[in-house]
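Below, chain A partners chain B and then partners chain C, in two separate complexes.
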Partner chain A sequence: MLKMTNISKVFRTELVETHALSDFTLNVEEGEFVTITGPSGCGKTTFLNIAGLLETYTSGSYLLDNVDVTELGDFQRARLRNEKIGFIFQSFNLMPDLNLFDNVDVPLRYRGMKASERRPRVEKALESVGLLGRKKHLPAQLSGGQQQRVAIARALVGEPRFLLADEPTGNLDSNTAQGVMELLNEINAQGTTIIMVTHDQELAQQSPRNIHILDGRIAQESGKRTPVTPAETAAAVA
Partner chain B sequence: MEIGPIVRALLRNKLGAVLIAAQIAFTMTVIINAVFIINERSRLMARPSGLDEANIFHVVNIGYGENYREDIVIEDDLAMLRQMPGVRSASSINAIPVSGGGSSTGIRATDDPDTASTPTAIYRADEQIFETLGLNLIAGEYFRAADMRIRSEPGETLADKAVVSAALAEELFPDLSVNEVVGRTAWLPGVVPIQIVGVVERLQAAWPNASFVENSIVVPELYIDTFTRYIVRAEPGRRDSLMAEVEEMLASRPVDRVIRDMESLEQTRESSYRIDSAMSTILSIVIVTLIFINSMGIVGLAVFSINRRRKQIGTRRALGATRPAILRYFMLENFFITSIGVVIGAVLTIALSIVLTTNFNMPTMAWYYTPIGAVLLVLIGQLAALGPSTRAAAIEPAIATRSV
Partner chain C sequence: MFFYYVRLAALSYKRNPILSTLMVLAVAIGIGAYMVVFTLNYTMGGDPIPHKSAQLFHVQLDNGDPDRENDPPDQLTYIDAMALQEAGRAFRQTASSKLSVIVEPTNPEIRPFSVIGRGAFADFFPMFDVPFLYGQGWNAEADENIEQVVVLSRETNERLFGGANSVGETVVLAGMNFQVTGVLDYWDPVPKFYDVNNGPFDSGEALYIPWHHTVQSDLPRTGNTNCWKPLEGTGQEAFLNSECVWIQYWVELRSRAEEEDYLSFLNAYTNEQRNLGRFQREQNNKLFDVQERMIEQEVLPDETRILSVLAAMLLAVCLLNTIGLLLAKFLGKSAEIGARQALGAHKGSLFVQHVIEAGFIGLLGGLIGLVLAYFGLEGIKILIGDQITVSDWVHLDVPVVLVTITLAIGCTIVAGLYPIWRACNINPAIHLKTQ
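And now, the complex of A and B:
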């Protein structure tokens, strides 16, 4: 699903050169739930940005769903992000001037889908996070947990192959965070690959696979790869 | 296209958009009416007077003292002027066309004093005036030396023949062709009959902004007075040098008089239209200033709006928006704001035009001014928004994951 080999990312200024990631190699199989931990400035966000095609890397290779993204232009990267990746941000990143329906609708509009196709998908996504009844509300009218659920619905509406979550519970209280984690686990159980960056060690320990980054490298890896095949998913649901 | 969300988002966050739309509406109202006024002024200023303006100049002669014999002086002056090398023709005339000062009268096509008269400028001049002014005769003939009448006291016209401008001929006799007007009699105040012997294509009155500026009548009459205007037509290219020579010649003669106001007809015209010209310049400055302020307002709102939404833009990029999609979003947003301003502006433009037409005797504005102005303002809005929108499109998607 995601295969990074010797990825390096160097930020250069006139005075200083910063190695955000160095020879970073990681394979994530389809259906995995991987947490990424590490201290501030260790390269977690850089990894997430590169994995999500939000920024380019200095060297190495990266295959996303067997597509080599190294030479892709801005248009193709945008297309891949839209079709294969769902993003969940720490601050939810909802559009404050748009109601919940329009917020969840955003990725589908960029996919160029007709309104008649988008509507049922948006409503289904909102229903899956329990907020269909509030689709006309604005984000400011919701609690933090509800806003993050909307963000999850937005991430899921395009039926992406994997979700990238950047501290999705970072701005939530523990009870709400637990609810969001349960939702993510459900999504993962249905076959969606999830990579989640978190500071929360407790959440990381619950994760089947945890990658600990230090100074731009993988310092420690715990857990084992637990790919969920469609057959396994079907068995789990049964 | 994101028309629905853009409109809904604008409606929820409307203060800035409303202010810019109001500014656009105001700008449009002022600009379109100002452009119309400028075009009207330009059209008026560009009207031909019917004269050979490039080669004509005029001068005022004011005699004084007991020994001053105006009849002799005028006759001698004109004879000497006509003999000067480079002078094509010279005459005495009571007023200079398009100069801002002259004589007017009312003329009728019947001898019934109760019928409405047609206003017209009246020029009193000698038989050489047609050559001196460079007029174009289109019917009949000019009056002759034998037709001249001389008088030294003010009063009703003594002349019994006249040449009229085509505009006056048509207004007096709307059912007749200019050839048919020749030979007809018209009546001046006091029921003074005057026979029209010729029609010139064009001869403007002395007042450029008069409603009857194209109505003129020339009668063969000289008013002998201490105050006399000479008008001279030079050979092409000789005007400026002749102006100095004529002044010198007149001043050198042993006559008690003052020679003043030597001026070319081009200078006279420029002076007469100075207010119109100044108005056009001021309005042009107002237009440019308003367009600049308007554009800056649009740029300001766009920059503010984009800076406020940098993270949103990054998020949209993360969710799959291409750079053209972001560019399109902000250009569309600007288009809606400008369009609202333009629609309100169109109503205000027409309203102001009606007020100007009703209260200031201005002609009605042509219908196409408003739509052309609207399209241009939308284009200006799009141009102003292009820079900030391009900058918005360049925002990297990675900004979505930044905490600040």
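And now, the complex of A and C:
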């Protein structure tokens, strides 16, 4: 489903050449929950940005849902991001001027959906994170945990196949972080593939599959989860 | 998405009210100053009779001083004007000149007053499409018989008859009874194309009478008179037979062929006169249509051109400031732009969003610029109002308002292209991490 083969990413300036990723190869199957760990500057975020089509790579190949993204233009990459990927960021990245409803509505607007189609989907997404009652509030009126739940609703509203989370609990206290992790587990249990970058070893250990990156390469990999089956998915929903 | 982007632009304004207001003011000041000068140019340099300006021709015959090399005189002598009028070779033609006349109201409560009038031929009214409120102009017979008929301006009719239909009423001019045949509706072409050399921005005349009265009734002439050689004798007869020019002469020619025919006629006429000892310079007769005449007379003063350049420079400085402010504003939104890209916005949609945001600022700047332009024009009226009757014609009309708004939006979008390009090309990965 996500297949990176020998991906390298080199950042060049006039004086320095930095290899953020070197011959990075990774396969992620549908329904997996993968955590990515590693020290600062090891290439975790670069990997996530390449996976999320926010960054290009220097060499290698990357198939996302069987689509080779190497030669895709900006418009096609944006469309793929919009339809297949949901993002969750450490700093939530909500639009401060828009209320919760309008924040969650953003991906659907870029998909060109009519207002009558968008409304029930946005309300359902907000309901799934327990914030429908506050849809008219601005992000600044919410706690950090609530803001991250809105960000999760925004990531899910387009029903993406991937959820890419970059330190989603990094700005939250441990209790709130646990709540967000439970929510992510529920989402994963319903079949959404999640790739999460984290510094938190405890959280990483909770995940079925952990990849440890060092100097732009996979240094260690623990656990490999069998993809969820339709039956498992049904059981989780029940 | 258009209204969504407009809403985002309004929200963005609210988020950075000081920065946004600075941009709006920069655009408003630049546009306001530019539009003041634009309005002056537009009004002073506009076509006063657009539907017909290419068919109306000002006649110039070169009977100037043979010892000098200057352009043909702007006006005609009495001899020439009457000869052209008598020949009647154009579709329509009229000699005309200004005169000063005392009006003696029949109403004893109104004291006699002096006005500037115009002697003209019957063709004057249909040629220049003069609008009538009541009645009409006189006919060719009235010209021939030198009938005592008069056409009043709307203001004069207001003054003498309280604005009522005065057709058929009598007006006493310089002691003679004139019968009113018509009352003009509002008519004040700017520039006053039919008599540019006596003041392109003067008001229209208070009344009009058959042209022959200016000579036969010995009414006091007024306006520009030039003589390149001394009169041969004294008195009116000598003046009428002199080479003094004082009469404006216009013809209406409906086609290029008519124009060529008429010029040939003029050349033949002056050749004939040359044989009689007049017109001692080389053939150089002119037929200028309205627009050519305005350019030839340099109706638009040099000062307005200098002002235009200065206003354009001020607008450029204001827009340069706007570029800097837009750059600061858009790059300040890098995290939001990055998030939008992550959520599915492509560069094209981000470009449109920010063009609309720049246009929104331009629209506000244009609206405030209109207010500034209005006050600027009021200031100009105060400054030069005594010299020319600007108060009647310097104003912001619908085309000027539309030009202002369009210019403001267009300029701001152009000024915003670089900031927008920068905003659309940020690396989302960097800004999503560092919010």
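General observations
Simple rule for what comes next: the second predicted complex is superposed on the first by the 234 of 238 C-alpha atoms of A that agree within 3 Å, B and C clash if a C-alpha of one lies under 4 Å from a C-alpha of the other, contacts with A are read in each partner's own complex, and residues count from 1 in each chain.
The rule is short, and it goes like this: contacts are C-beta pairs under 8 Å (C-beta built on N, C-alpha and C of every residue); 3 or more make two chains touch, one makes a residue touch a chain.
Quick caveat: nothing in here was measured; it's all calculated off a predicted structure.
Upon superposition of the two complexes on chain A, a steric clash is found between chain B and chain C. Of the two partner chains placed by the overlay, chain B and chain C both lie in contact with A:Arg111. In the superposition on chain A, A:Asn99 makes contact with chain B only, not with chain C.
Look at A:Leu138: by the touch rule set out above, it reaches chain B but stays clear of chain C.
Of the two partner chains placed by superposition, chain B and chain C are both touched by A:Asn49.
Common to the chain B and chain C interfaces on chain A are residues 45, 49, 52, 54-55, 74-75, 78-79, 81-83, 87, 89-91, 93, 95, 97-98, 106-107, 109-111, 154, 158, 166. In the complex of the two chains, the chain A residues touching chain B come out as 45, 48-49, 52-55, 74-75, 78-79, 81-83, 87, 89-91, 93, 95, 97-99, 102, 105-107, 109-111, 138, 154, 158, 166.
Of all residues in chain A, only 45-46, 49, 52, 54-55, 74-75, 77-79, 81-83, 87, 89-91, 93-98, 106-107, 109-111, 154, 158, 166 touch chain C in the complex they form. Chain B makes touch with chain A in their complex at residues 2, 4-5, 8-9, 12-13, 311-312, 315-323, 325, 396-398, 400-403. Residues 1, 4, 8, 11-12, 14-15, 335-336, 338-349, 427-429, 432-433, 435 of chain C are the ones that touch chain A when the two sit in their complex.
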